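Please find the structures below.
Heads up, the next two complexes both have chain A, just with different partners, chain B and then chain C.
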Partner chain A sequence: MKSLRKGHAIIIELIIIILFFSLSSVVIVRLFAAAHQLSTQSTASTQLLLTAQSWADQLLSEDDFSIFLSENGWSDEENGLSLAVDGGTLKVTGLREEEGLNGKLTSCEISACLDEQEIFTLPVARYRPEEKR
Partner chain B sequence: MKGFDSNHLRTAGSLLSFILICLFALLSVLNVAVGIQAYEQIIQNTESNTQLRTSISYTANKIRAHDGLGKIESKQEGDIDTLALYQNIEGDDYITYIYCYDGMLYELFTSADTGFDPEQGEALIPLGSFCATVEENGIAQVYIDTDGVQYTQFTAVFSE
Partner chain C sequence: MKIKQEYRLGIGISAMLLIFVIISIVTLGVLSFLSAKADKALTDKSIDMVCGYYEASAAAQRRLMEMDNDFASVMSTQEMDAYAEEEGMVYEDGALYFSVDAGSGRMLNVTVGINEQFQIREITQYTIENSEEWSPEFSDFSIF
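Then we have the complex of A and B:
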């Protein structure tokens, strides 16, 4: 009878230990998943930043931002233009041209969205002086 | 009969304990395996990101820094695609070559009179491949392959 009770006690002890370790495992697995998600998000935001910089530099050599963007796959949206890229979406807003005394300033803002959340905005401006006659 | 039951129960108890220990060991090993895989993937992603970001930023900043100092062109030196950045220092012409050689991104600053020797350059960061072109509209297009991730970066060149 004594040895039976002892056997039960050992099993109960083991079950408690396993439960404890199972809880620890759940926490650890959730941590791994969160770390993996963070790493994926970091990769996506890096790609988005590089792509946005690349588009910003291309715009700097163009006379008309909206024509160039429309010709290169950007689609019209309510507040500007958008392009789906690896890991997210790029949006161009605030397209405007300002005529000055000595030239023309063309500007816009490129913003990057990851999971419908804006992560950064990159201002782009090009000043083109008028040729003197 | 009682003795038989008692023995039977004891054996069943021991067996159950053994199964529980085995289950625990198995789950622990599985947990460690998942952890190793997740950790390795995170490290690989981080390294790949760093390589891509560093090589792209480095090349773009080199182009921007040289913009206005002299000609910027893509040049084929033997089998190697290079980005050549020209500059004149106190009357002498110099070229900075950026290229991929032996799995690394290299920079070589040399006199324009000296021939191109890829081994003389300074290794910067591991890289799969590198290719650059400078278009007529003043856009330098740099293609980089790092750890299986391909990327094309455009950089505006303002000087003629």
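Then we have the complex of A and C:
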């Protein structure tokens, strides 16, 4: 009789433990998933930042931004040009040239999008005085 | 004659084992989450710094164009001094100096060389510098 009671107690304990473990597992798995998501986001953001910076610096050395971008795989979109890169998409908008009295200011904005959400925008501008100088 | 030994789990052993396992996994999970959060904060800071630089650079380039336009009406050194003072710049030894805020306590300092016809000759300085005194975030924390 005593042994039977002890057996019952162990079974009840095991059931409680399994329930508690299941509940804890749910919380812990969610914690790990959140950590993984944050880590993935920051990796993609860093990758996009480096790529956008690289394109911005290349643009600054070019005379005509739109020709350079078209020649290097950027595709036309409604508001500008876009390029799929590792981790997301880069978009170039606001391409314009402003004529000054003695030179020309070429500017645009490079935006980085991750899952259709804009993360950051890099304004790129370059003033070139006229060649006669 | 062999004595048959019985091994049985006592009440409470499994509970203790479970507590140990749960504490270990929670610790790992929290550390992993904190590490990922710190990485994200660093990435956001890095994005802010880079965006700040490019915004300042774009503003500086626009200012160069405006300056070049305005120089059309400058005919003498006195006029150039007056222009520089009005625009909050410094004109000295044929060079015009100005700075643009690049965020996070940094300034983009630009110096342009001006020729005798009061035209922009060349950019002689285009550098980011700290404009604020650096202070550690945890000033009470002694490393040594």
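One rule holds in what follows: the second predicted complex is superposed on the first by the 126 of 133 C-alpha atoms of A that agree within 3 Å, B and C clash if a C-alpha of one lies under 4 Å from a C-alpha of the other, contacts with A are read in each partner's own complex, and residues count from 1 in each chain.
The rule is simple: a contact is a pair of C-beta atoms (placed from the backbone, for glycine too) under 8 Å apart; a residue touches a chain by one contact, two chains touch by 3 or more.
A quick note: this is a predicted structure, and the numbers were derived from the prediction, not measured.
J.: Please determine, from the superposition on chain A, whether chain B and chain C clash or fit.
T.: fit
J.: Which partner does A:Ile10 reach: the first (chain B), the second (chain C), both, or neither?
T.: both
J.: Figure out whether A:Ile119 sits in contact with chain B (first) or chain C (second), or with both, or with neither.
T.: Second partner only.
J.: Per the contact definition in the header, classify A:Leu95: touching chain B only (first), chain C only (second), both, or neither.
T.: neither
J.: For A:Ser107, using the defined touch cut-off, is the partner it touches chain B, chain C, both, or neither? Pick first, second, both or neither.
T.: second
J.: May I ask you to decide whether A:Ser39 touches chain B, chain C, both, or neither, giving the answer as first, second, both or neither?
T.: both
J.: Looking at chain A, which partner touches more of its residues: chain C or chain B?
T.: On the superposition, C touches more of the residues of chain A.
J.: Please work out whether A:Phe21 is in contact with chain B alone, chain C alone, both, or neither, and reply first, second, both or neither.
T.: A:Phe21 sits against chain B and chain C alike.
J.: Which holds for A:Gln58: it touches chain B only (first), chain C only (second), both, or neither?
T.: In the superposition, A:Gln58 touches chain B alone.
J.: Rounded to the nearest Å, state the minimum C-alpha distance from chain B to chain C in the superposed three-chain model.
T.: 5
J.: Of all the chain A residues, which ones make contact with chain B and with chain C?
T.: 10, 14, 17, 21, 28, 32, 35-36, 39, 42, 46, 53
J.: Could you pull out which chain B residues touch chain A in their complex?
T.: It comes out as residues 6, 9-10, 13-14, 16-17, 20-21, 23-24, 27-28, 31, 34-35, 38-39, 41-42, 45-46, 48-49, 52-53, 56, 60, 137-139, 151-156, 158.
J.: Going by the contact rule at the top, pick out the chain A residues touching chain B in the complex.
T.: So the residues of chain A in touch with chain B come to 3-4, 7-8, 10-11, 14-15, 17-18, 21-22, 25, 28-29, 32-33, 35-36, 39-40, 42-43, 46-47, 50, 53-55, 57-58, 60-61.
J.: Residue numbers of chain A touching chain C in their complex, please.
T.: That would be residues 6, 9-10, 13-14, 17, 20-21, 24, 28, 31-32, 34-36, 38-39, 41-42, 45-46, 49, 53, 56, 98, 100-103, 105, 107, 119-127, 129, 133 of chain A.
J.: State the interface residues of chain C toward chain A in the complex, per the touch definition above.
T.: Residues of chain C touching chain A: 9, 11-12, 14-15, 18, 21-22, 25-26, 29-30, 32-33, 35-37, 39-40, 42-44, 46-47, 50-51, 54-55, 57-58, 61-62, 64-66, 68-69, 71-72, 119-121.
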